[in-house]
Amino acid sequence: MINDKYANKIVDIIQNFARKSSLWVVAYGTGCGAIEIPPTMTSRYDAERFGIRGSATPRQADVLLITGYLSTKTLKRVIRTYEQMQDPKYVIGFGSCTINGGMYWDSYNTIKALDQYLPVDVFINGCMPRPEAVISGFIKLQELIKEGKANGAQKYKENLEWYRENQRKVIKNWKMPDYNW
Amino acid sequence: MNLTPVQFVAIPLFAAFLIPIVAKISKEAVKYIPGIVFLYLAYVAFTLFPKALEKPIVEIIAGFKPPFGIVLYFGPTAAFLVSMVMVVGFVIWLYSFKFIIREPSEKYYMLFMMLITGATGIMLTGDVFNLFVFFEITAIAAYSLTAFLRDKDGAEAAFKYLLIGSFSSTFFLLAIALIYSNTHTLNMADLAVKMQNVDVTTKLFILILFISGLGIESELFPLNGWAPDAYSQAPTPVAAVFAGIVVKASLYALLRLVFLMFNWSEVFYLLLVLGVITMLVGEMSAMRQHQIKRMLAFSSIGQMGLIVIAFSIATVPSLQAGFFQMVNHVLIKSLLFFSAGYLVFHSGSKDISALDGLGKEKPITSFFFAFGALAILGLPPFSGFWGKMFILMAAGNSHLLLVVVLILISGIIEAVYYLRVISRLYFYKETTKEVRRTPVSGLVAMGILTVLIIILGLYPNTILAYLKPAANDLLHRTEYINAVLGQIHL
Amino acid sequence: MNLEKENKFAKQINETFHSAVVKVQRERRIIVELRSDLIPPFLSFAKEYLSFIHMAHYSCVDWLEENKFELVFMLWSYEEDVMLIVKTKIDREKPEFVTIKHLWPQAETYEREIHEMYGVDFKGNDRLGEFILEDWDDLPPMRRDFDTVKYAGEHYFTRPGREDAQDVRETIARHSGEEIPDFAKKYSIRRDEE
Amino acid sequence: MEINWLKVLGILITPVIAFIVGVTYGGLTRIITARIQNRFGPPVTQNFWDIVKLYSKKTNIQHGVMQHLAPVFAITASITTLYFVPVIRESTVFTNLSFQGDLIFLLYIMVFGSLGMALGVGQSGNPNGAIGVSRGLSQMVGYEIPFVLAIVAIMIQFKTTNLNDLIAMQNNFNHWIIFQSPFAFLAAILAFLGMMGYAPFDVVVAPAEIASGPPSEFGGKYLGLMMTSRSIFTFAKLTLFTDIFLGGAGDFVTLVIKTFALYMIPVLTGIVNPRFRTEQSIRFFWAWPTVFGILAVLIVVW
Amino acid sequence: MFSISGIFITTFVSGLVAFLLHHSVPKIRDWFSIVIMGVIVYAVWELPVKANLLSFKLANYNLVFGNTEYGRLFALIVAVLGFFAILYSKDFMEGKPRLGYFYMAFFFSIGGMFGIVYSQDLISLFFFWEIMTWSSFLLVIYCCKEAQKIGLKYFVFSAIGAYSIMTAMVVLYSSIGSLQFADVFAGFGKMDFWSQLLVVVLLLMGFGVKSATMPLHVWAPGAYRITPSSFTAIFSGALSKMGIFGIGLTLFKIASATGFYPWVQEILAWIGALTALFATFYAVFATDAKTLLAYSSIGQLGYIVTGLAIGTPLSIAAALFLTVMHAIFKGMLFLATGAVYYRTGTTDMTKVSGLIRKMPYTFLTALFGIITVSGVPPLAGFSGKWMLYESLIQSNHYFLVVVIFFSSTAAFLYLYRYIFSLFLGQEEKETENVKEVPWLMRIPMLLLALATLVFGVAPGLLLHPVSAAMKYLGDFGVTYQTSVLFNEWGNKVDMLTVANTIGVVFIIVTIIITIKGYRSTRYVTTKDIHTSGEVPTENENLTYAVDFYKPFERALGSVLKASVDKIYNATGRILEQSFDYLRYVYTGNGQTYAMYVVLFLTILVVFSELIFGIKL
C-alpha cells in the first residue's frame, strides 16, 4: 500500500513498540522453575506493569517461557506449542537447566541445551532465577524487540533444517505436522 | 320362469341335494354348481329388489294363507340381506374354488349350499317355527363345516360349537313352545299382534330365551365362546361364511323378533349394553392374540358388537348405519380372512410371528390383507369409514356420547393390533425368497371385495338408497304386519 | 517396646507359611521374605485374614550382584496400625512375575512403572505398555547396569564447561571418607578420568 | 433524498468513539483491578497496545471460512447495536438509527455477534472452544430470564418499546427508571453481571481450565478484531443500560460518568469474587434476580 | 385443470400412477412426480379464491370444497414444500426399497392436506384428515423394523386426535344438524354451554395432536426421526401445519362465539408456551439431529399456538407468519439433515462432525436455517418473533412473554449444537471422502434459504397473504409496509434499514479483515489446534459432542426427568397386560362357555327387574 520508506519506518516503530509493551506469555510450566512465575505476576513484583500477561493458548501468545528442565517428552510438546504460536514470537530460556542441563546434566531423559532445539532470544541464569531476574530478562527482551533484534522466529524459520535435525535426534518417534510458515 | 322369493330357499336346497348326485358323474362339475346358483340367485335378488322396495313381496307356501300357512316375506330388509348373502356367497365360492383341494369338495359344497339355504330361509321366513328349522339347518351345516378339515382342533372346535349351539336351539325351541302355548300361532306378523295380550312375565321370559338363544349365534358376549375356536379352526372360507352369513342371519332373526314383538326401550338398552361389552371385550381380547385367525375372530366379535350397538339405538339412521356396517364387515372381514388364509397357508403356521417378511414373498395377498386392515379401521377412502361414521352420527343424534367414545376407543385398540400385523408382514424381515403365487380364483375373489370396498368408500350412495327402506322395514312393524296379514283383511 | 501384636502376626504368618522368613523389625514393622511363587497366596492371606487391606507401596530393587530383582510390597493394616513389608526375589535375567491387580487395582499402575523402569514382565497385566517414558528403546533406565551418563552423552548435546560435574555418590564418599564398593565405581567414573 | 451529512458523520465517528471509550475503560479496569490487588497495574493504554500488537502480528491462522468471519460477525453486531442505541439524547449526530428499532430488536441483534462467534469457535475444532460456547450459551439462558423480566416490566410500565421514548420520559432526575422501577433495575443489573462475563460469571473463558475457552484458537488480527468488537460492544451495552435506567445522557461527560459508574458494578464484583460453575451461575440467575424481575412486573401490573 | 377436483384427482391419481410406474418403468417415476408436483403448485397458485368451488352430496352429507384465503396460504405451503421435497427426493431416495410405495404415500398425504385446507365442511375435512394420517403413517413405518413401534405410536395418537375431532363432529351434528362450515360457524353460538365446551376442547385436542402440542406431542420426535428426510420436511413443515390450520379455525370461527372464549385463549396460550419451553429443553439434550429438529418443531409450533391463542391481530399475524416461516426453515433444516444423512449415513450428532468443508452448500442452508429459527435479524425468523413478543406484551401477557422469550433463548443452545456437531468441529476420518450432495438436492435447500433472506428483508411480501388469511378468520387487520413492521403501540422496525446496516458493516469489515495480512493468513486443518502440545492422531476426534450441555442439564436438575411419554408408555403397558388377562375369559374350554351361557340366562332372569323393569 504505502511504500514510502519513512512511513514504513514509522509503522515499524509503532508496531515494535506495541509488541514490546504487550508481551503475552503462554502458560506452560515445563519444569520446577514455573513456581517462580506466580510471584513474578502477582502483587509483589507485578509484571503486568510492563504489559506482561499470561495467555492460555499459544495462538494468542508472544513469549514462550521454558521454565527449567525439559524432558524429551515435554520437548515434543514444547516444539509443538512453539510452532503453533504466531509470528513474531520469542523464547526465553529460564534457569540453568535450559543453558547446560543444570543439575540434570547426566539425566537420561532431559535435554541439556535448549538453543539446540528452539531459537532462544534471552536466557535467564539461575537455579532458579528470582523474580527480579525474570523481570530483568523480560526487560532485556523488550529492549531487543524495540530495536528489532529479537528475531528468533526468523532464525528458526531460516534454519529449520538444522533445528529439525536436532529435534529428531532426541524425539525418536517423530510424528509432527509440518511447520508451514 | 317366474322369479319368486321362494327360489332363494328352494334352489340352494335343491343344489345341495343335487351335488352328491352330480359328484357321482363328475367331481369337477360339482365345483361349478354353487357358482351358478349364486349367480342366478343374485340375479333374482337384484331383479326382485326394486319390487320389494315398492311393496314387500309376501309369498305363501303351500296355499294356506297367513297366519295359518307358511309365508316368505321378501321386504326391503330381506331383499337387502339376501342380495348381500348372494354376492358374498359368490365371492366365497370363488375363493373356495381352489382353496378346498385336499378334501372331498362335493361335501363341502353340499354343506355350503345347505348353509345358504338355512341363512336365506332365516332372512325370508315369516314363521317362527320355520325360523327355528332354518336356524337348525344353518347351525348343523355350520357345525360340520367347522370340523371339515377333520383334524383334532377342528373337531374340538366343532364340538364346542355344537355344545353351545345346542343350548341355543334348546332356548329357541323353548321360547317357541311358550309362544305357541300362549298365542296359538306361529306366524310372526300375527304374533306381533297377539303378543300384546300375553302376560308380561311370560313375554319377558320368552324374550330372555330369545336373546340367550339367538345371542349365541350372533356372537353376543358372553355367549360367544364358540366363536374364536370355530373361526380359527374351520377352513378359511368357512370362517368367512360364519362372519359374513351365519352371524348376520341370526342377528337379523334376533332383531326381527325383537322389533316385532318386544318393542321395549329396555330391550334396546340391554342390547346396547351387550353390544358395547361385546365390542370392547372382542377388541381387547383380539389385541393379545398370537394367532392371526383367532385375532380376526375376536375382531369379528368386536365388529358384531358395533353392529349390535347400531341396531339397538333403533332409529332410522342408526339402523341404516347398522346395515351399512354389516355390509362393510361382510366385505372386509371376508377379505381379511381370505388373505389371512393364504398367508397362514404359506407361512405354515397360524402364529402372527410367522408372518414376518411375507409381504415380499406374497406381495398381492399381503397387500389385500393390509388393505383390509386399513379398511376395517374405518380409514377413508374405504367403506369402513362411512360405516363407523354413520354409526357415530346416529349415536350422537340419540345423545349417546359415551357410546361414541367407547366405539372410538375400541377403534384405537383395533388399530394397534391390525397395524402390528401389517408391520410384521412388510417390515420385520427382509426376505429374498421368490414370490409365491396365490391361485387366480382367490385373487379374483379378493379383488372383487377390494373393488367393492373402494366403491362403497368413495361413493357410499351406491347402497345407501336401499338402506333406508330396509331400516324402515325393520323398524316399523306395522308395515310388516300389514304386508303379511293385510292380505287377509283385504 | 511392646511387640505383642507384631509377634502375633509373625506367629500367624509362620503357622500358615512355613517357608516364610518373618522378622519383626521394630514397632509396627514386620518384614517377610518369601519365595516368589508364594507371594500371591500370601498377599491374599494377608489381605483377607490378617487385615492388611491397604497396599501402600509396591516397588522393585535391583540386586545386580546377586543377579536378582527384589519386589517389595508394603501393606498396611488399619485395624492394628502395622506395616507388613513383603519381599521376594525373582530372576534378573528373565524377570517375570504375576500381576496382583485383582487384589489391589492400584497395583496395576505400580506394575506398569516397574515394567518400564526395570523390565519386569507381569503376567496378566495387559496394560504394560509405554508409561512415563516416551519411545524408549534402550535398557530399562533404572537397572543398575544402565549407564545414564553415557546415555546422556550419546544422545544429548552437551554444552562445554560442565567438565567438573561429578557423581553425587563420589562427592559424598569423599566428604565422609566412606569407601565406594568396587561395583559402584564402574558406574560412577568421573568424566575426566575416563 | 437529501443526505443529512451530520448523520453520516455520526455513523462514521460513533464506532470510533465507542472504541476509544471502550478501550480506555478496559485499561482503567486493569488498573483498578491491579490497585485492588495491591499492584501497580499496567498503563491505561495497555489494552490499546495489546490490540495494536495483535493487528501487527506477522502470521495469522484460521481453520476455515467461519473462523475467518467470526470476528466480523461479532463486530457487525457490536456496531449495529451501537447504531440502534441513542448515544446522546437529542443529538442529530449521535442518535444514528435508533428511531428504527426497539428494545426487543436490540435484544436480538445483540445475539447476532455471539452466534457468529460461536460458529467460528466451532469451526476451529478446538474442544475447549466448544466447551466454552456450551457454557456461555447455558449461562445466557440463565441471565436472560431476569433481563427479559426487567425489560418487560419497563415496557409495560411506560407502554412503549422504543428507546427514544423511554429516554424522553426520563427528562428529569427523579423520573429515571432506576428510581421508578428499582426492582427492574436490580434484575437487569444482576443479569448485566452475567452479560459482561466478569467473575463470578467468567466460567466461559476460564483460562485455567479450558484455555480461555471460545477464543482459544484465535490469534493475531482475529483476536484483535474480537477485542475491538468487545470494546465497542461494552460501550454499546453500557449506553443501552444508561438509556434505559439512567435517563440517557445529554452530553459526553454525563455519558462517560454514567456509563463508567455502571461499568464499575460488574468490574468491582468481578475483582472480589471467585468463579461460579455454570450450573451455579444459572441457578443464581434463576433465584434472586428472577424474583426481582417478577416483583418488578407484579408491581407494574398492580 | 385449475379446479379443485382437478387438483384432487391429479394428486391421488399421480400417487397411483407413480406406484404403477415404479413397477413398470421406474426410470420416469421420479421425473413424472416432479412434473406433476410442479403442475400442482401452479394449479394451487392459480386456483381462484371462492368459498364454494365444488359441492356435492355424499351419503346424506353435503360436501363443500372451496378456496379461502386462509386455506390458500396453507395450500401454498403444502404445494411449494411438497414440490421441493419431491425434487429433493429424486436423488435422496435413489436406490432405497419400496419407492413406489413411497411416492404413493407421499402424493396421498399431499392430497390429504389439500383436501383439509380446501374443505368447507367437517366431514370432508375429517375424510382427508384420515387419508393424510394413514398415508403419513405409511411413511413413518417406511424405513425399517425399528420404525414400527414409533409408527404405531404415531397412529394411535393420530387416532386419538382424529377421534376427538370425530366426537366433536358427532356433538355438532346432533346439535346443529349440519357439518358445513357455514352452518357450524353460524349455529355454534346457539348451542348449550357444555356442548360448546366439549366441542371446543375436543377439536383443540384433535388438532393439537397433529401440531404436536404438549402433552400430545410424544409421537413427534420418533416419527420425525424415522421418516425419510425428504418427507420429514413435509411432515414437520406442512403436515403439522394442518393442526395449526384446524386450531385457527376452531379458535376464531367456533370458540370465539362462546362465553368462555377468553379462558380458552388463555389456557391454550399457556399450553403453547409450555410446549415451547419443554420441547426446547428436550431438544437441547437430544443426540440425534432429527430428534433435535423434531423437538424444535414441537417448540416452534408451540409459539404458533400461543400466537393464535392470544388472538390480537398482531399475534395472529405473527402466528401465521411463523407458520409459513416454520415451513420454510424446518423444511430447510430437515433437508439439510437429510443431505448429511445421504452422504454419511447417520444423523447422530456424536458421530458426524466437520462437514463444512465437504458440504458447503448444505452448511449454508443449515446456517440460514438456524439463524432464522433463532430469530436473529436480518433473516425472516426475526419478524415473526418480534411480532409475537410485541403482541404478547401489548395484550398484557407478561409472564407468557417471558416464558416464550426464555424458550427462544434456550433454542440457541440446541441450534448451535445442531450446526456445530454436524458441520463444525474436527473432521472425521470416516467422512473423508464425503462430497456435496447433487444439484437436485441443493436447489430446494438453497431456494428455501433465499426465501428466508427475502422475507427477512421484506416481511411485507409474506404479510400480504397472511393479512388476507386473517381477514377470513375474522375482522383482523394488521399494519405493515413491504419492509417495515409496526406494533400496536405505534413503534416500528424497518427491516430494510436493519439489513442494510448489517450488510454494509459486515461487508466492509469482511473486506478489511481479508485484505489485512492476506498473504500471512494461513489455513490450517482442524486437527492443528492447541491441545497442550499434544498431537492428535488421525483417528482421534476431539470434537466436543457428547453431553454437550451437561452443565445446563445439572442446572435444570430433575425438571427433565418428568416425561409424559413415560406415563403414556406405562398406561399402554398396563392396558395391554390387562387385556391379556381378559384373554383368559376365553379359556378354550367348552364347559366354561356353556357355563357362561347359563350364567347369562340366570342373570337376565334374576335381575330382570333391574334390567327390564319387570319382575319375573
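Note that the chains take the letters A, B, C, D and E in the order they are written out, and that residue 1 is the start of every chain.
Criterion: contacts are C-beta pairs under 8 Å (C-beta built on N, C-alpha and C of every residue); 3 or more make two chains touch, one makes a residue touch a chain.
What you see is a predicted model; the values in this text were computed from it and never measured.
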Chains in simultaneous contact with chain A and chain D: E
Touching both chain A and chain E (chains): D
Farthest-lying chain, centroid of Cα atoms versus that of chain D: B
Chain at maximum distance from chain A, centres defined as averaged CA atoms: B
Inter-chain pair with the most contacting C-beta pairs: D-E
Centroid distance [mean C-alpha coordinates] between chain E and chain D, Å: 36
Separation of chain B from chain C, taking each centre as the mean of its C-alpha atoms, in whole Å: 93
Centre distance in Å when chain A and chain C are each reduced to the mean of their C-alpha atoms: 40
Rounded Å distance, chain A centre to chain B centre (Cα mean): 96
Residues of chain B engaged with two or more neighbouring chains: none
Where chain A touches two or more other chains at once, by residue number: 57, 59, 76, 87, 181
Multi-chain contact residues (two or more partners), chain D: 57-61, 128, 211, 216-217, 220
Interchain contacts, given as pairs of chains that touch: A-C, A-D, A-E, B-E, D-E
Chain A residues touching chain D - in the complex, by the definition given at the top: 14-15, 17-19, 21-22, 27, 42-43, 46, 48-51, 54-57, 59-60, 62, 85-88, 181
Complex contacts: residues of chain A adjacent to chain E: 28, 57-59, 76-81, 84, 87, 175-177, 180-181
Residues of chain A that touch chain C when the two form their complex: 72-73, 76, 99-101, 105-113, 116, 166, 169-173
Chain E residues touching chain D - in the complex, by the definition given at the top: 354, 356-357, 367, 371, 374-377, 382, 385-386, 389-390, 393, 396, 398-399, 401-402, 405-406, 409-410, 412-413, 416-417, 419-420, 423-427, 487, 489, 491-494, 497-498, 501-502, 505-506, 509-510, 513-514, 516-517, 520-532, 542-544, 548-552, 554-555
Touching residues (chain side chain E, partner chain A) in the complex: 520, 522, 524, 527-528, 530, 532-535, 537
